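Here chain A shows up in two complexes: once beside chain B, once beside chain C.
Right after this comes the complex of A and B.
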């Protein structure tokens, strides 16, 4: 017998590669930052249009010390958590129902596809009339934004489970429940996870949009407020916070996805 | 040998497929009686219905006409008493090698410990116990096929159906697994239907060799091997079996003729063949 393999999924060289490519990705933003700082200090850009990075940093420190930043982040995160959870749950149920039952697919798919075509932003005016501008509006918009990609990917993932695999189950007399749990679910898990990732990032985008249009708190509101007060440093702090949190949310799900699907061949 | 199950009776078996609106007769009237504990090998040109025949016996397809029965009971669907090794490995990529073999035991009436033991035994049998925790994507094609063989055997079915199981293996592994399979088959007394493209393999393993003819798939000839169960690859009588199988295949213009058959009896019908092959 030849040497036993290490059954580890991600061998060393790939990790090193990932780190190298992450470093490469930092070159552009760091150069821009340096250019921005230089431009601001040499008077190329007026602070009324674009405050210098150190001014933005100072504004961030002020916002942090006053607790405003944390409070607004907490509001935004809570909204995403609530709306996202509702949308994810509904999306998983809807996608699974359409994926597993052709009859349900026939009934619901056209309506669902039509809804999917309407940008979440475009729903806001109508929903404002129905729900007012309270928390319900934000929840519904975020939930809708999450639901669409989750349902779509769940549906497609279940549909794409190879018939060959189900035949193996049939051969060993798997019950319907066994086929679902042992074959359909694991085979569809990677696309479903992809759907969850899209769902979360859509939820975050929808959150900022709805907070821009109709809110008195949250990161989107901070953005609007900063603009109205001509505090561009506040605007930039809010933007940076939105980007950083969005990225962190996506990365954490990507990490979970990689751990979850460790059986997959390195692409 | 004790009285045992594993009789497969097939009569008037017809299977059609619709391909692009046209009807294709994959099997056009097959009659076959397979004795308990018999090792039957099946050869025939690509597309003549070998896999279809196995899938019908397994219960994965339904016949359009005719009857299939296993120990007298009509075959209406898959059964754990009939094991099938597919032409492709069909391993689940999300399960390790050992877990893939255990899939075969999901509905077997065994305890956890018994299942673990059976899985380990069968992995050893196919020479992959060191790879029990590897993922399928880390295996070579031949290794994956061996895992599939272990999964097909792990239930110890009365009837074992194998669809070109050794096609992806190197010669040495292939020879070893041929002998292993014969030994298991002798020990367990499982009725075995073994599809192959390799005439040597068909002759060496089979108690009888079924030669299928294509379009529509039907039995052209059944060659009785009449050799003892313990065989020697160098047995000159095997050459005679091979020759008869090749001659039966040779009547089928779709089957590639081997270049080196130094036998006058083989040459005679071949006057027709070269042109037919080139068509």
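Right after this comes the complex of A and C.
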């Protein structure tokens, strides 16, 4: 916050410098791209190892025009939304219950921490036997992946609310509901939001894993399908889509997180 | 025992009792939920004659080999990004872009390039370990204190001295965080590699084989082993980190 006014005093050179460095950041990727294209067309790189960039671009255009790419993206996003929502809801409830009641924390926390130690990926084969390979499997895997960070951060966030704040509340004779709404919730909101962000990135990772292991649609399935058909270009397009959507999801929550931090700063 | 520990034990005991009760009364299909005794028997059988220790050793060696490779590449790359502005400008954006790929999405590509044998698994584990090590090393080196650098300038430190006396100790906490995260990622990747590239042995291979035979006891045992091994790695890394950073608290 202290550096900001200084930066505003000389916007010109700084912005020019930032633009120049962003352009410089493109040098290596662009040269690699050119080298890749040249290598592919002169036969240095066989298409079985790495298809040419224009071939990958053409594959992306094909997948887009046929609607396959959008359809698979839609399936993946729906799964993340459903599983993520279920996991977030359960994680918020569990984290809040453990954060607000020491008794509940005593009863549930050891079991919860033990469950948190089991990677969602490791559970997939076991859940496949219990749930089959349908949508229920995806829902449970993604919900579990989301639940753990959300519950942990909610729990920690509520626990970290300073005792002074609560004393002020007691002074005002706040009711339980008032204490929650006026003191606990605002103070714990930033860490809870951080938990949501971690939850979403875990959900995306779990989605890719579960779609690779057991799915007939979605971006992960597109990867598997591309591999089985020996279509490296499809695999590369799916990887790029996974990276882009993962980044977009994370950035949208990071934006929200920053808003929260700013709203909190003056107080 | 404290009241706290007693309370914590209630839920696991209830679950265990429900599990035992469900399999005794035949409420649960033993194919879907084998009795606790059946799982314990599978563990005993595996540990004594079924080659479970061998599978575990293979998984751990694979994990450490991939981790070592990834960390050995990530440390110098992180130092390069942290020390050199030019390197950061040229390589940073590319690294950031590649980092966005959810790690399991590498598997099909790696399988097409390297097959599904040992090489492919180790390469995949190395990729998973590389990113957190490189990222945290770069951040740690970059945040080396300006004051200390000025002190170094006063003492006319050479470049090598600057790296050894200022950058390395200053960045150590962050580097160790990266190594710790790399170790966690490497174990996840080991599980992933063994699940997706099913050739060869290892605990993950055992789980997949158990699933194919619908042997729930073997699957439960395998998942339990994967989780406890990960937990042990994490605990060892945390203890090592604490030990190596003891000097800071003085």
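Throughout what follows, the second predicted complex is superposed on the first by the 218 of 267 C-alpha atoms of A that agree within 3 Å, B and C clash if a C-alpha of one lies under 4 Å from a C-alpha of the other, contacts with A are read in each partner's own complex, and residues count from 1 in each chain.
Throughout what follows, a contact is a pair of C-beta atoms (placed from the backbone, for glycine too) under 8 Å apart; a residue touches a chain by one contact, two chains touch by 3 or more.
On a predicted model such as this, the values are computed, not experimentally measured, just so you know.
J.: Scan A:170 for contacts with chain B and chain C and give back first, second, both or neither.
T.: So A:170 only meets chain B here.
J.: Return first, second, both or neither, reflecting whether A:106 touches chain B, chain C, both chains, or no partner chain.
T.: second
J.: Which holds for A:39: it touches chain B only (first), chain C only (second), both, or neither?
T.: Neither partner.
J.: Chain A residues in contact: does chain B have more, or chain C?
T.: C
J.: Based on the superposed arrangement, let me know which partner A:183 touches: chain B (first), chain C (second), both, or neither?
T.: In the superposition, A:183 contacts chain B only.
J.: Looking at A:227, would you say it contacts chain B, chain C, both, or neither? Reply first, second, both or neither.
T.: So A:227 only meets chain C here.
J.: I'd like to check the shared interface: which positions of chain A are touched by both chain B and chain C across the two complexes?
T.: Residues common to the chain A contacts of chain C and of chain B do not exist here, since the sets are disjoint.
J.: Within their complex, state which residues of chain B touch chain A.
T.: That would be residues 58, 60, 77-80, 84, 86, 88, 90, 92-96, 103-104, 106-107, 127, 130-131, 133-138, 155 of chain B.
J.: Quick check: in the complex, which residue numbers of chain A touch chain B?
T.: Touch list, chain A to chain B: 1-5, 7, 9, 164-165, 167-168, 170-174, 178, 182-183, 186-187, 189, 261, 263-265.
J.: Using the touch definition up top, name the residues of chain A that touch chain C in the complex.
T.: Those in contact with chain C are residues 21-22, 24-29, 32, 49, 103, 106-111, 114, 117-119, 121-126, 128-130, 204-205, 208-209, 212-213, 220, 223-224, 226-227, 230, 232, 235-236, 238-239, 242-244, 246-247.
J.: Which chain C residues qualify as touching chain A in the complex?
T.: Within the complex, chain C contacts chain A at residues 3-4, 7-12, 15, 32, 89-94, 97-98, 100-109, 111-113, 187-188, 191-192, 195-196, 207-208, 210-211, 214, 216, 219-220, 223, 226-228, 230-231.
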